[in-house]
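Before any comments, here is the structure.
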Amino acid sequence: MVIVMHANAAPEDIQAVVARIEELGLKPHLSTGSERTIIGAIGEGTVASQYMQHFIVLPGVDRVIPISRPYKLASREFSACDTQFKVGDVTLGSNQIVLIAGPCSVESRTQTLEVAHAIKEAGANMLRGGAYKPRSSPYSFQGLGQAGLEILADVRAETGLPIVTEVMAPEMVPLVASFADMLQIGARNMQNYPLLNAVGESQRPVLLKRGLSATIEELLMAAEYVLSHGNRQVALCERGIRTFETATRNTTDINAIPVLKAQSHLPIFLDPSHSTGNWQYVGAVARAGIAAGADGLIVEVHMHPERALSDGGQSLKPERFAEMVRQVRLIAEAVGRELTPVS
Amino acid sequence: MVIVMHANAAPEDIQAVVARIEELGLKPHLSTGSERTIIGAIGEGTVASQYMQHFIVLPGVDRVIPISRPYKLASREFSACDTQFKVGDVTLGSNQIVLIAGPCSVESRTQTLEVAHAIKEAGANMLRGGAYKPRSSPYSFQGLGQAGLEILADVRAETGLPIVTEVMAPEMVPLVASFADMLQIGARNMQNYPLLNAVGESQRPVLLKRGLSATIEELLMAAEYVLSHGNRQVALCERGIRTFETATRNTTDINAIPVLKAQSHLPIFLDPSHSTGNWQYVGAVARAGIAAGADGLIVEVHMHPERALSDGGQSLKPERFAEMVRQVRLIAEAVGRELTPVS
Amino acid sequence: MVIVMHANAAPEDIQAVVARIEELGLKPHLSTGSERTIIGAIGEGTVASQYMQHFIVLPGVDRVIPISRPYKLASREFSACDTQFKVGDVTLGSNQIVLIAGPCSVESRTQTLEVAHAIKEAGANMLRGGAYKPRSSPYSFQGLGQAGLEILADVRAETGLPIVTEVMAPEMVPLVASFADMLQIGARNMQNYPLLNAVGESQRPVLLKRGLSATIEELLMAAEYVLSHGNRQVALCERGIRTFETATRNTTDINAIPVLKAQSHLPIFLDPSHSTGNWQYVGAVARAGIAAGADGLIVEVHMHPERALSDGGQSLKPERFAEMVRQVRLIAEAVGRELTPVS
Amino acid sequence: MVIVMHANAAPEDIQAVVARIEELGLKPHLSTGSERTIIGAIGEGTVASQYMQHFIVLPGVDRVIPISRPYKLASREFSACDTQFKVGDVTLGSNQIVLIAGPCSVESRTQTLEVAHAIKEAGANMLRGGAYKPRSSPYSFQGLGQAGLEILADVRAETGLPIVTEVMAPEMVPLVASFADMLQIGARNMQNYPLLNAVGESQRPVLLKRGLSATIEELLMAAEYVLSHGNRQVALCERGIRTFETATRNTTDINAIPVLKAQSHLPIFLDPSHSTGNWQYVGAVARAGIAAGADGLIVEVHMHPERALSDGGQSLKPERFAEMVRQVRLIAEAVGRELTPVS
């Protein structure tokens, strides 16, 4: 870290900072400018940053600036190679783009099976569907729970599509992991640390969605929680952030895709359904995501969006999803990639 | 809800919307303007809003606007009287302002006891301290866990101060509730619904912190989760929101205080330590909170902020906390209130 | 507009609202639900919205919701056909994508000429370059002023590239318009109404950049200022918005592209240089913009970014720009479009 | 500035950075950690920060961090004493708090005179009122222009209240300055540099409002533009920032008050009318502002808010303003200050 002293800091203030740096086992490094002194505190990266708060409160200190990134296993510096891993027979993180689709909520066996067949025919590689639903209102449909998980497993058996579904509490991880091929951490739980620890322990592939107001750095630190349990099967998912703009439900942070590619080795997905909140814009933003370098998409599809128990407004009908896949395929080819063939 | 049709919507589109409204058991109500038609769908408030998404996807529909608030028990319309409840011997929500103070983390018995005595002498009514700490890095101090809870209980026995501490996972609620007088839901868990359900079931008083990017409406909907379990002992806490401004850790949404007072009957606290992230600004913002109508404050205090295991930069030393209490007392009197006497 | 009454509004309150609606020459329309009454006020769109504030302050009124859009000439409802117009020989808004490139600032004749030749060879259709520079510090390079305009005109004469350059004050419009083919309104001036009026009067093509914290609706209202002077040659430009994310200078609101296409008939550009603030991410976001449906790009290019007098960090070297054009061409073809040939 | 190299930067990369620092006349200062090298570039503050962009693009460079603040005359380091100056007979920046009030727009002589008498009687020291109005819609009332200035001057003659009014374009500064005692720069023009230069040249007192998405640092840099013309009579005004919260028109950044007091010597005002956008919350936020340390308030007051030509919803009636003044007076005393007596 770098400690910037006030222009009018006293020599004793500087001395006290240096003494404290040495007390912590770090190496101080002074630069004295015409206006002010700045002091580097050199040590093993994540160690130094633990102590930043200690210096902010010392007399004469203006600011403390972190230098090392606070995550390690998730960083590009840790692994120059892109991480690849399998969910069922599907490989994430390769040159082949992965399409995940399905309903927001599992509503019934028929509904789920019907949509699963439709998305598979259109080109999807995996099925998504919520059995446990985080809803902002306690009066909204909260999901079918375990019955939903059983439906998902049935539909996988019939269609061969691996399934990803959300888990919302640490004690539910074993149950959900016994049904699902991949565990989804939803945006609202990105910093639910007991849950991150639990999915880390599970050793199941994880789809980690970015929080509504999480920085890219915080997303990577959340991934670090999972990775630090030895579970290296983590895919990141941009799903829109909260901004002042109200024309769309969220703001798709398309910049996050090249930034995450530069700073991490983990596969990056985009969820254009949540990042726009409006089916009319899903296709355009899905194309943008692949053009920007995403490794996959996760898209909400429903046979009858106007009757969906949740998120109907942002769900595509199967024929619109099929059209989206056609467009995305052309974009994938334009960036030298291809869609993962449907097995 | 109100359904706004496109200017060029066809008569069949309008007819289909009306039919769907009736199918859902709601009453349609058309207003035909010179440019466009708008259609009200009238029914019991929270029911209608469940169906908004169904209409967004119908042809010819431009927008769907909610009319009823999506929460009920938390609303001012539900209770014209301000909610009051007790934590230990301390009453929250009365004309007497409640001061909660203590360290970010419980670090040791000595540290906690020392600071508890100091804050009590300065005028605090309750003790805060974290035994389980949500930290953005897996490499940061994560709290003492159950040992921390035991220290808190000991310190309560010695000082008489009721304690509030954070609970992070639903399965931990019974344990934490067996030690704490009040359960804190942290900002990162404001939309952790299994946790909200669990503290609702616990029937313990709850301090519900606003999420970093939660709207005031979402805060009230999170409270609704707790209230809907019959647990009416909920205090709300503004602790700063995330904005583009980087001069402070968060942006104190001071507007939220009068807005919450107008829209809800629940007691409102302000946490100026997190909402500024800098001890230098805590006093000014604490005064502002009481001036704006807050029912209490929760403030981080540490004997040696420069050695705190977490949040040192925003912690007050006891003498600065005492000075803050002196100032806040004068502000309380200026708005016709007083501080809760220390028992 | 729709006026939502409080659940406990008195009959006299409702009567007073109705009376006021009639007094304003609008038509009231009541819907009485089980909980509350809502009252539509029907009249010619933009007229009604002028009066919203009048109702907010009446007793018993909870909220007032606008129904009509506050812009008209900029709206898709005003013109189903996409607007096309020419800048020099280049057509904006057609199926052919337009590439604008050049330095942030005009620094010298040699620098500008050199970069102009390079971008033209790479495939750019127009030249950008600032003669008057809005800089956040008064101590930063403020541009060459009129000498910069003269350089731009010279370079146009030599290369045939039409030029777009920023104008910052109403009284400067005639001078800048005497040199430039297209007038740029910068992000900081998006709501500088005297300036919008002046460029409206000039009847010159206008490139209107979105403000850092402007909503899409406000961007269209700013366009409405220009359009209302009879100047229909307006192109909109997404250039990133300000959010909490600090990994990039701004957040590219990629959603804005399909939203603007749906709500307006004006051509849409993307500026990936400003929207990312980092040359490393410009290529990915440029591809995303075209994939999402943008009609053109405006990109900063400099022969020696490490010596640029402004914005070096987000400027591409000519060879990187050429590579970006190659990639963008493939994306354009994937969405059924093509790049405008260089004449 | 501090240049942080990538962990895997080559020795030649480091050498090139050092060479470039020396070429710019700055002094390099290397710190070599176990993971990476960081390089300080030491020179006269604002000079070094001009060159940040030059280093970002060099190979092996990860980040460049500014150290010196980019403003000087506006900084607390430049002047330890609080700046005080007079507008008419009223002193801004002293221990006596200044209350500015009046209508959003000057609508007529009668309206303005009536409200001026009312606010003076209630305790206001200065009159505000817009003659030129920045409106987001070209179809909204744009102000009376010069006729409005003449009304303001008349009302000053009758009441003795100094007047502050907005100026929107550089060429209007001489005219507006010939009528007004203080020139207001509105939020949308905070980064309108030709306008800042013009009011700087005018040597008139300036009320500089913070932009909707301007950081505190950018506000101080805007002030620096005015100050750098030798015009030291600048008061800053917090008027709410744009965030995701929609319950209020803007979010009052109450933190900005103590931050600005710490970082600058200029007087700080708060505009609770715009920062809340709702008359119901103006009183609470006005109290909060004074409690937090503001030197004054600027508040919208209208005899008949329900008929105001602009901003009626956030305007107080005179009797409510009088009540606000009573409350604010008590808060002022609680923080050891007083209201400026009405002359």
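A, B, C and D are the chain letters, set down in written order, and residue numbers restart from 1 in every chain.
Basically, a residue touches a chain if its C-beta (ideal position, glycine included) is under 8 Å from a C-beta of that chain, and two chains touch if they have at least 3 such contacts.
Here the structure is a predicted model, which means the values were calculated and not measured.
On residue numbers, the B-D interface is repeated by A-C, which shares over half of its contact pairs, out of the options A-B, B-C or A-C. Ranked by distance of CA centroids from chain A, the top chain is D.
Between the Cα centres of chain A and chain D there is a gap of 38 Å. As a whole-number value, the distance joining the C-alpha centres of chain A and chain C reads 31 Å.
Chain geometry summary: the mean Cα position of chain C and that of chain D are 26 Å apart. Annotation for chain C: residues touching 2 or more other chains are 213, 242-244, 246. Looking at the complex, you find that chain C touches chain A at residues 213, 215-217, 241, 243-248, 251-259, 261-263, 275-276, 280-281, 284-285, 287-293, 327, 330-331, 333-335. Within the complex, the chain C residues that touch chain B are 2, 4, 6-8, 29, 31-36, 38, 40, 42-45, 65, 67-68, 77, 213, 242-244, 246. Across the complex, chain C is touched by residues 20, 46, 49-50, 52-58, 70-71, 134-142, 168-172, 188-189, 191-195, 211-213, 218, 221-222, 224-225, 228, 242, 278-279, 305-308, 310-313, 315 of chain D.
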